[in-house]
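Here you go, one structure.
Here the chain labels run A, B, C and D in written order, and each chain numbers its own residues starting at 1.
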Amino acid sequence: MEQLKVGIIGLGRIGKIHAKNLIALADVALIMASDPDPQARDFATALGIPAVVEGFDPIFSNPDIEAVVICSPTDTHFECIEKAAAAGQHIFCEKPLDMTVEAIEKIVEIVTEAKVKLQVGFNRRFDVHFARIRSLVEAGAVGETHILKITSRDPGPPPISYIERSGGLFLDMTIHDFDMARFIVGSEVKEVFAIGRVRVDQAIGAAGDVDTAIVNLTFEDGTIATIDNSRKASYGYDQRLEIFGSKGMAHIGNQQADSHTVYNADGIHQPVLLDFFLERYEQAYQREIQDFVAAIRAGKSVPVDAHDALMATKIGMAAWRSVKENRPVALSEI
Amino acid sequence: MEQLKVGIIGLGRIGKIHAKNLIALADVALIMASDPDPQARDFATALGIPAVVEGFDPIFSNPDIEAVVICSPTDTHFECIEKAAAAGQHIFCEKPLDMTVEAIEKIVEIVTEAKVKLQVGFNRRFDVHFARIRSLVEAGAVGETHILKITSRDPGPPPISYIERSGGLFLDMTIHDFDMARFIVGSEVKEVFAIGRVRVDQAIGAAGDVDTAIVNLTFEDGTIATIDNSRKASYGYDQRLEIFGSKGMAHIGNQQADSHTVYNADGIHQPVLLDFFLERYEQAYQREIQDFVAAIRAGKSVPVDAHDALMATKIGMAAWRSVKENRPVALSEI
Amino acid sequence: MEQLKVGIIGLGRIGKIHAKNLIALADVALIMASDPDPQARDFATALGIPAVVEGFDPIFSNPDIEAVVICSPTDTHFECIEKAAAAGQHIFCEKPLDMTVEAIEKIVEIVTEAKVKLQVGFNRRFDVHFARIRSLVEAGAVGETHILKITSRDPGPPPISYIERSGGLFLDMTIHDFDMARFIVGSEVKEVFAIGRVRVDQAIGAAGDVDTAIVNLTFEDGTIATIDNSRKASYGYDQRLEIFGSKGMAHIGNQQADSHTVYNADGIHQPVLLDFFLERYEQAYQREIQDFVAAIRAGKSVPVDAHDALMATKIGMAAWRSVKENRPVALSEI
Amino acid sequence: MEQLKVGIIGLGRIGKIHAKNLIALADVALIMASDPDPQARDFATALGIPAVVEGFDPIFSNPDIEAVVICSPTDTHFECIEKAAAAGQHIFCEKPLDMTVEAIEKIVEIVTEAKVKLQVGFNRRFDVHFARIRSLVEAGAVGETHILKITSRDPGPPPISYIERSGGLFLDMTIHDFDMARFIVGSEVKEVFAIGRVRVDQAIGAAGDVDTAIVNLTFEDGTIATIDNSRKASYGYDQRLEIFGSKGMAHIGNQQADSHTVYNADGIHQPVLLDFFLERYEQAYQREIQDFVAAIRAGKSVPVDAHDALMATKIGMAAWRSVKENRPVALSEI
């Protein structure tokens, strides 16, 4: 079998993970990597990537490259997507595609016209646990879906400098839950009501963000959802979901580094949760790239695309407006 | 020790439970029972209650009776409370005290002036599991409270005839969760946002009620809460709560009739949840009456009073207005 | 319905529990109690038992008494049973019936000839959890039974003075597990191999007993079992059982006073187990007396009888011989 | 860093796993593979192993090879170890090292004299869950160890042809539990008592083996252990362990492919356990090879060596003698 020839743009924390996962795939040849940082380029060379360059353009001008994996900063995504599409290269792009709804709408247009596939890095859909819940819902195990509950709490807040450019909680963190909600329910969101508070760190509030939130969604199919978030859970990365319907409920709890229990005179004890997304979703990162490659090979749709990014972003925008105006906001307003 | 002399009014389903629990208390003498139904009076006689009457007035005119337990229909509560207070009798009254905020405000006045204690039957506060969560919160185990989550789902809907007179989901069912929320957080509710849907049975909608709901509460101390309800959970009576704060989280799960697990080729299986409130809260009913008697004996405040009933009712009213106007409703509007 | 007239002999810790449980039964009249200790007699009077006597004989000579509950010291059991049987009274007797196999065999004879029922106080059979496992086995949920595992560990050792008269670990503690094993498997034990160690307290060894043990049983139907015991589990009263067979496994875990979980930076925590048998088997004590009364009323066999006591005692004797001779001991040797 | 040059002998099911895990290590060069089967050699070539040969000798005569991984049939282990030791190559050898105690004793001698390291493939020690229990015991979390319980049940029996050459249950399956018991307790076994039955398949009995067993171990430090085994657990690969001591208990339960729970009218359901050792111990296989390589690089002892293989084999032999003679067998008898 001919290997799919892939280039990677950006070798930061998440780019390094994708590079390793690509190299581990027998049917992929990662033939070029690009990063302005010399240390990142050294990493790529050590991995055995044959061509390692500083700027992005050699990737788009290389006629051998069939697909690109974009892990560069968010403000470069649009330009990279535009050039890759012009070069006829399929695209895997990390989230968020862009900070504005308008740009993402334009991206949908560009990739549609260029007839290239674009997969967006909503990695949680590829987690074996959450994916199993989706397949249970599709199989009718819970009947008609009535109530969705998602708990998503980080072990600690990101730096304020990140928060200042990230779009805030609803666009850098809850956006994963918005995508998960659409994925699990299989229907579109009609309206959003959000409550946001600053409870963890006043500096987060000073940066214009919130750190503690509840967001309700109503779906076109009648399902209602409640999501709760915190920037700081003392006990680790808390990722749970339950979907309740006419026939029953399906639930996913948390994962731990190891599953031991100690019983002593103080009680019964288990270890804290896995620390954060790189550990919790390690296998999901592997699966999303495998599925991207498989979709290209099979000439099929990618499992999560620019439209999904658009919808999650719109929900995030609606959540912010809801907090600011203290009222439910219809998605059609965005 | 002198026994406390008690009379009971109304021997329907819940009255029978209270009668049995009173008789089991060594420091109580249940000396009179009243019910218009001859079968209920036969039940009382068989229990060994010395005086069993048809109308309510003999209870209030009996100078030996120190306390009354009111389990008659809701529309008789106000009159019974008024008469008991006039007779200087302490009062345990089943929920709801009354269907209107005005009447409950009047009740607060009446019992305050008469200097009698009035305890309202919010039984869940006396459940050992939920009470433990409250004591953990008070002890600071979760730090400052940030997010409260309550799931409360019934195994099946009540008759439509009940729904027509009950005040609907937020006043007959969620009202318990509203009281629980105030109890656990220890702060007052400022604002309510509710989403209600008819998903279980269209007849419920035709009766003007909803059967599936999410309610958000914001508290004066900054805590935010989300409650989800359904009239029908296929797997039994689902009663869970978690409180999340700066130091961690405390959680209570469900109870089962027995805790066996079967492992077979189809998977790992446990039995459904306890069917409903009489089983799930059997011991809570015992403890609430014990605590009522103990408060009278000790001359102390009852653990849950008419003010608590008033606040829970106001939250329920606000939830209904929120659903009808699709906006957050401040408690001060009620 | 005519009430069954019952007398109770011995009002120590367990006698008090039985007395209260008898009084709570509507179809029982506890008409006489006997205890040499004045404080115990005061307790009986306060409970409202009409006749309270010092010696045992007035119980047996009272022609109204249809059944006796014997909770006096073990060395009085034989005489009490003999006299009750002579009086035609049905008998509930606490375990152990007697310390010797010969006496228990004689008891089997006596009650058979007198045609009175004798139920022995193996309370755990009446625990809703263990009873459920038995009914699952009977219903074929695990198929043919292959392996039984019982863990039974006390929260702390009894006084040395108790151990000196109790027959030791296998006869005062494991005897419950031997009865449970026969109950769950539904077959007779053929052979016993036991390992006993002194690990908790050297004084226990000095008294001729062991405090830590593993006992294997082989059953006539081919099932094999392993039981492990300790006199001291730091985390509470540990009572678990699993039965494994051709179709799967059924399992019962422990019970806690309340089922809360706390998550914090140190991990995930639950409270210790229920402290000891009076709490853990509170409802089992109620059910065993109910079932005794029901068997008498229905003229049916009692659920656990002198033969069961005999077999459990023989297994205990075999376990001791196995430890002393370090070899498997056939039950037929006892 | 210079890569460690490794050769692999035998590319059956487990050899393929080791080959892949070796290739994934950045500090290892897998430079030669040997297998008599042409398909296995094609697999090796496809993996990119530079030299792929039919016979074993080219591995031992290759002066570049610093370490060998032996995955060939058991009856070739001795010869391979002898030749590798003569060549000064460090050795990782799959279990069992050999079928006789004498040969393993000879192996201990050979590798000691040749001053090469020999690690044996007791993969379970490298499972993160079991390793965590060992570190808890070492840290004193359970105090003095009193009782060890291991449950180890396979999802289905191996072919009869395998059983005929494997040494039977105690040497092909329980041997892992014997090694685990020594690893967790950190003391040597003194005596073994075993009960073996044929309950799963009469053909297993006809082949001279048992399929259902309980084995008790007594340790020099006073700890006692009970292990239960079955060749066929309908619900998957059951691998549990608990260690109980003066301060408490540490426990490891099972792992599932995904951790979802479904609640419906029939009860609460989770999926079956991971099917078998290749899935359950996938990461343990990776870690054992990493630790082997790390021990060579650091010039330190390997974590599990020929002496460990010898002891586990002796315990297995004692278990067989115990079953045949129905008595406890001292390890010193073997």
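Convention: a contact is a pair of C-beta atoms (placed from the backbone, for glycine too) under 8 Å apart; a residue touches a chain by one contact, two chains touch by 3 or more.
Here the structure is a predicted model, which is why all the values come from computation and not from measurement.
Graph distance from subunit B to subunit D, where chains that touch are one step apart, equals 1. When the partners of subunit A are compared with those of subunit D, the chains appearing in both lists are B, C. Looking at B-C alongside A-B, one finds more C-beta pairs in contact between the chains of A-B. Remark: subunit A and subunit B have CA centroids separated by 43 Å (rounded to whole angstrom). Note: centroid distance subunit A to subunit C, computed from Cα atoms, is 58 Å.
Look at where the CA atoms of subunit B average out and do the same for subunit C: the two points lie 39 Å apart. Residues of subunit B in contact with two or more other chains: 233-235, 247-249, 263-265.
The touching residues of subunit A, when paired with subunit C in their complex, are 233-235, 263-272. Of all residues in subunit C, only 24, 26, 128-129, 132-133, 136, 141-142, 247-253, 255, 257-265 touch subunit B in the complex they form. Of all residues in subunit D, those touching subunit C in their complex are 143-144, 146-147, 149, 151, 153, 193, 195, 197, 199-200, 212-214, 216, 218, 222, 224-226, 228, 230, 232-235, 238, 244, 246-249, 326-328.
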